[in-house]
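The chains carry the letters A, B and C, assigned in the order they are written, with residues numbered from 1 in each.
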Amino acid sequence: MDLHSWIRDYGSGDAMEPFSGDVLLITRTLFVLYFTKGLPVTIYLSLLGFITAMLLGFVVGLIRFLRVPIIRDLLQAYVDGMRGLPFLMVLYFLFHVLPFFDIRLTAFATAVLALTLHTGAYISEIVRGCLLAIPKTQHESAQSLALNLRQRLQYVIIPQAVSLSLPPLAGQSVLHIKDTSVVSIIALAELTRVGRIQMQTNGEPLLTYAILALFYFVLCYPVLKLSIGLEGRIARKFR
Amino acid sequence: MRSKKWLTGVLLTLFVAGIASGASAADLVDTIKKRGYIICGTTLGAPPFAYADSKGNPVGFEIDLINKLGECMGVKVKIEDMAWAGQIPALLTGRIDVISSRMSATLERATKIVFSHPWLITGTFAISHESKGFKTWKDLNRSGIKVGAIAGSVGAALARKKIPKARLVTYELDGDMFKALRDGREDGGLNDELIVLMAAKRYPELTVLEGNLQPDVYAYAVRPGFESYRLKNWLDLFFATIMRTGEYAEIYEKWIGKPWEPSWGLHP
Amino acid sequence: MDYDFSFNVVLQFLPYLLVGLRNTVLIGLIGILSATTFGVIVALARVSRFRPLSLSAAGYVAFIRATPLLVQIYFLFYGLPEFGILLPPFVVAVLALTLNSGAYAGEIIRAGIESIHKTQYEAADSLAMTYRQKMTYVILPQAFRKIFPPLVGQASYLVKDSALVSVMGTLDLTKSATTFQAITFRPLEAFLPTMGLYLFIILVLIYGSSFLDKRLRKW
């Protein structure tokens, strides 16, 4: 008896196991998997990526604010590049091209690098904008107190800029968390990837992706609410 | 004197670099043994070969074979999931040590990578929704027909070559392609024999069309070059060995459900 | 570096690139138009006095803002057929981008509407205008003039996000690059022209919006 008719009539061994789930079992499996395998990676990616992006963005934003001659133009090109490219393209580019330069990163490291570069550019814009928003009078009064540039920045300008920057930074962090879902495309095992792979066997897209959306919602909505709240508080403070 | 220090620095650097480059002439098997694990690449998403179970762990025919490989070599295994089309670049750039998936050994691929001896005979078959009424894969070769295949797979290459009149849409994962077939987005899909059979079993509304577009075999692959020479020979012997000892037959029957019928002509 | 960049390969890529460019531009244009229209609807719903409407609109916007576009795309592409709605990938792409960008556009338009001073509403009422006339002839035109720059910025986000529709197999700019790359294994020849095109389109939109910002302020 040939393979085709055998498989059709008699089924097979362990291969049939994943296909026998009922809806409740699939739901429970999804919840458990998202929570144990997907969520930790997503949170780790988001946190690590955002912290490094903040470091990068702060440095880049400060340098651009200070208008350091040649470096400012290079950094402008970098920021424009990140703003003008879809994150997916940045990710693909780093993933496929870096190995040709002998830089062998794991998928996770590539993802963190891509997230850092992309979000960092936006953060640098926020930082620069907040530094520019401090009125000139602050600079002048600091100078009249005989503070040099570093002291002026450190004690007067930056502290004020920080509170201005909190709302847009919180908003950016939500976008950052959502960008981590894109790294599923290079097969990194975070929330979205876990969902996609499970859907291959359970065949239930509505259930799989609805629960996935729920997880992201629970993760992002508090941060979103925080950013809206901060926006209101800062607006009131500066009125 | 400053220039003396500089000179010493340069000489030292060259010396260290010389030692380092000498050390990297060790071959891959040595590296793997020293490292303690082998990095195997595959794509999860195609039962019964490689997919994720309800605990999210990779399971399947391929996974059992990979674990057996690690057992025989005496190292741990690290399974790297990646996009199907990304396996060859990952191998060539050193991200993985071996392609240990259901990759078919085609002449085209063999110009880039080195295949070891085959471990399963297969072929490319077409699958379609039964309501569409196709009988053989040749029925798909008409304009206005939409055909799906996995990006970078033999199915995609064969679709371009043998069903050129149909419009090809490539998918990342096998399950996505079967879902598209079930929804009626595509008129037909091309994939490997056993994957197609399992999908038709799982989803009764899909039928396998007659005709093997191109019979071929699955084989593991390594990088070209001296570094992987020993590994390739080891892999050849690995498969021959487990086929003779019956370990392969055990794994085959577990996943396909039918006892394995060896074709010794294929395995020297 | 072990790579031989070859212009011949770029020429081979050209047909794919042009198809991808055409699709991305089409999706972008249609997406921007329908997202703006949908955004007006969302904004009006948000400012409506009818509580159930404004609350559900708020909930909708919160859902869109707190979930990734990729998940929304998968949900629509694989989920709608379960309800018997089978749309071609191009349509699903435009739909997903509309629903997503439309929510963000709605927030921008809402801010514009709310920034219109109460006296405008009172003046319109004193001229005995209906709600529809008030909105169409007095409020929305002023709101749009104010928020046109941020809306153009939102349009640039839409084009950026459109890269994600490649997961559905739509042959947009990104998908054409990855398809070519999967066949030839030459990432640089595929990605560099693609990235150049994206940069051109998106930066034109972004800098166009700040240019318009300065010009419109003179009005």
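Here is the rule we go by: a residue touches a chain if its C-beta (ideal position, glycine included) is under 8 Å from a C-beta of that chain, and two chains touch if they have at least 3 such contacts.
Predicted model, so just to flag it, every value in this text is computed and none were measured.
If touching chains are joined by edges, the resulting network of the protein chains shown connects every chain directly with every other. Set against one another, B-C and A-B show the most C-beta pairs in contact at A-B.
With centres computed from CA atoms alone, A is the chain lying nearest the middle of all the protein shown. If you average the CA atoms of chain A and of chain C, the two centres end up 20 Å from each other. Taking the mean of the C-alpha atoms as each chain's centre, chain B and chain C sit 38 Å apart. The distance from the centre of chain A to the centre of chain B, each centre being the mean of the chain's C-alpha atoms, comes to 31 Å.
Within chain A, the positions touching two or more other chains are listed as 96, 100, 185, 196, 199, 205.
Annotation for chain B: residues 89, 172, 176, 179 touch two or more other chains. Each of the following residues of chain C touches two or more other chains: 78, 167, 178, 181, 187.
Within the complex formed with chain B, the chain C residues making contact are 78, 81, 86, 88-89, 167, 169, 178-179, 181-183, 185, 187.
Contacts from chain B toward chain C in the complex involve residues 85, 88-89, 92, 112, 151-152, 169-172, 176, 179, 183-185.
Note for the complex: chain C touches chain A at residues 1-3, 62-63, 65-72, 74-75, 78-79, 82, 160-164, 166-167, 174, 177-178, 181, 187-188, 191, 194-195, 198-199, 202-203, 206. On the chain A side of its complex with chain C, the touching residues are 80-81, 83-89, 92-93, 96-97, 100-102, 174, 178-182, 184-185, 192, 195-196, 199, 205-206, 209-210, 212-213, 216-217, 219-221, 224. Interface of chain A with chain B (complex): residues 3-4, 6-8, 10-19, 21, 25, 29, 32-33, 36-37, 96, 99-100, 104, 106-107, 185-187, 189, 194, 196-201, 203, 205.
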